[in-house]
């Protein structure tokens, strides 16, 4: 049969297994999201709807792929940690990479109307991704610290920048000029003295990014309340809140929760030894 | 700054350039589409709406990425040929793979309602992909011949199978049993004698798959007529149709057209030497 | 200049960095050494000269490449551990692999006459190699345990096999037949009852293989005594021997020593924490 | 058995097949040969014995590995072309690379005394190597043109440089200074006017490098005449020499011959269509 004669072309497919027992981090980024955010009227410096949509897509990835044990997102990027022992698709790089990026994209488009009910998509948003391998726990810790430190740096810059533009009446060129050479403390001071903004009181989501892990929910999730589709939002301040039910709940199933807390220090990791197990 | 201390983790990113001056074929496949097609009520053996949506997503990929010069689709898979000289993203494999699969997925979800107006998506469809390199023209010819031969084999089987089930009253188990060990001629005969179906007269789309190339349109496309978004559909029989305008048109811009014609023989390739240039 | 016109061919060279901070193990094997050992009259089941030559070549590799912290050899194979932080040749795989295998080969041929003074090389011996990455200490421990367990299995088999042939008068076919299905205890018993050989008292070199590490020599090496070129031979039993100099020596420089001791249990590794640091 | 418990470490070995039906070029280079040539008193600018030893090692590689159809050498480097259809070791990169570099090294050391009878090796010479893939004939042509153009550039420079030093009495620093910014014609002129050297009449080996192919020898090789081991030396000028036997020889077996002729122009390749077949 003709199929047989041509099927030698399959021999050109190269194997691409990722090194066993190594942490995989898949990071995806919005493709051309500067233009995309302008076209779709994202608020500056942070658009809460857009960030929540990113979180929802990431949570869906974690619901679908149990090997993803942690995700961290800021702006138009998300990083996913796959556990060291992961054998998903026999650790074939292209298969894992393409499947997860595709799934994330699919959710992003599918759920868009729930987060932007009045803003139809003007064109298809897309994401690119890559997988990076880390051999040791410390590397993984430092990877996520790197992303959260980046979140802070970017957000402080962007918050000050847009304050100068939106409240200070500067042009974007002037605002860039104003900020040239400033350090963190200078920007904090500028925000407070010129615009009355105490950076530390801004929403944790903007300052810390989004941290997704699986947890037994502290508060019973109420189904269907959240148009965004049941992602259980928990912020760092809830940590002090006592559980609402004192009796041991039967529904101890872990769900994906979205936190906005520090992942640079030890506490987060000490509380969740399973992440790096 | 903290960012600096952690940024060494970037050094773990491995380069992944694809060999220069080699043809790339990116093939993507629906992830779990057997279940997906059942859930969304796809017609058997072929759902024209679903195939058209695949074509529309592939055409959008070609509109977005000029390096894609040819695409071939059947069922829930599509193959894209990137020209030999392509330097997109410096030929970085992960970047090309993830971006194109993401973009395809995005269009698939975004355009779904246009093709399935009465069938809301029940859950996010996704696709996986891989890139295969071919050093020579003959390999590329044989790759696409392999896929089109596969289309024929699958479609003949599926057409007979579903005729046995839908018209012949067999269970799916019985139908599999009936077809066990049959060859092409046997299935053709069975279709004709038992169900009055002349396989050769079935729609070319089902028998040949979809072939997407850029062409100066033979018939002026009429904007907005096609709810699917302006993909210019051309079938093989139009080849005999004389151009509607005898005067040289000013609008000679090439657009992506969808053909359903043979790509195993030489004619298709002889007519389009630029594909393998 | 003509050189410029052609130099684009350099762009086809692909980068091949090995993942940072991961243990590299380079294992090389004699190419066609079954025939080579026959041609050059190696003693069966073990040729001490041949093993010493392998050790000498491996020791030379360690003298030349400081990143190699441990080597283990048996028969015609040697494994080299490169420390986790190794940045030799920017961790380029092909460069490291080819250079070390070439260097080993060079020493093997150059030093051949010292170990086989009466047996000229009939043809060039060669070795092939590969590099395997291990992310964690336990993998490295298990890798070397795997090789030493293999040494034991092979040596027990070969010792019994050649006893059957050389002392028992069996043909090689008969000897294979005799050993089919036997377990370790059966071979030990056979050696003792039929040939009076107590396996445990055979030379440690044959039973344990060769373990090369850098150490402050317990006995001052006496230059030029060893025709094989100054490899300092130390066997496990020397561990109990007190240092010959009670006064602290000024010459505390570490040299490569050849041991024949257990590397499966913890002791060896506990004594040398620097190997896996 | 213990072997089983540890053998999981084999799963860390990564596959590394080279793309099928693509030309492989393996290039090896002397490791630290600047120092090596000084230590062993190589003549400047070219040491004929050293070059002949390189040729002999390369010829032995071609005798051993039939997939190598062409080799080109200059100075301390050699490039080997493996035919496109080569399936040696299932095209495993590490295996091919390490084996060939090891074999070359082995011959180099083994044959050293035949070429340097009065100069014992002071230390083990070694080579590193890499494999580069080329998809098309033109790339292979251009690769070898690149190396031969490089030979010319280097040799013209070195010839002039050492003339300035050896005959002109300049220090090496002065000679470098003298040559700074000169072009080819300037060096040719300098050689002729100051030192009476007509560059074009220097030995073809120095100007063109060594080209090794398999040929039916034009002149019957006389065994054992050549201390270097039977490599059949043929230079470009022999091309005009009529065969010495007019009767068809029974001994038409091809042997590896060393040529010193142009491989940039078409003639060489037109005469040997099998090289790129």
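We call the chains A, B, C and D, going by the order they appear; numbering starts again at 1 in every chain.
The rule is simple: contacts are C-beta pairs under 8 Å (C-beta built on N, C-alpha and C of every residue); 3 or more make two chains touch, one makes a residue touch a chain.
Note that this is a predicted model, so its numbers are computed, not measured.
> On the document's contact criterion, could you list the chains that touch subunit C and likewise touch subunit D?
A, B
> Between chain pairs B-C and A-C, which one is joined by a greater number of C-beta pairs in contact?
Looking at B-C and A-C side by side, A-C shows more C-beta contacts.
> Between subunit D and subunit A, is it the same set of residue numbers doing the touching on each side, over half shared, or a different set?
Same: when the shared numbers are divided by all numbers used, the fraction is over half.
> In whole angstrom, how far does the Cα centroid of subunit A sit from the Cα centroid of subunit B?
32
> Averaging only over C-alpha atoms, locate the centres of subunit B and subunit C and give their separation in whole Å.
That gives a centre separation of 55 Å.
> As a quick test, compute the distance in whole Å between the mean CA positions of subunit A and subunit C.
49
> Going through subunit C residue by residue, note those that touch at least 2 other chains and give them in order.
Subunit C, residues with two or more chain partners: 12, 14, 19, 21, 133, 139.
> Spell out the residues on subunit C that touch subunit D in their complex, using ranges where they run on.
Residues of subunit C touching subunit D: 1-3, 5-10, 12-14, 28, 31, 60, 93-95, 97-99, 101-110, 121, 124-134, 139, 142-143, 145-146, 149-150, 152-153, 184, 264.
> Flag every residue of subunit C that touches subunit A in the complex, lowest number first.
Within the complex, subunit C contacts subunit A at residues 19, 21-22, 133, 135-136, 139.
> Could you please specify the touching residues of subunit C with respect to subunit B in the complex?
So the residues of subunit C touching subunit B come out as 11-12, 14-15, 17, 19-21.
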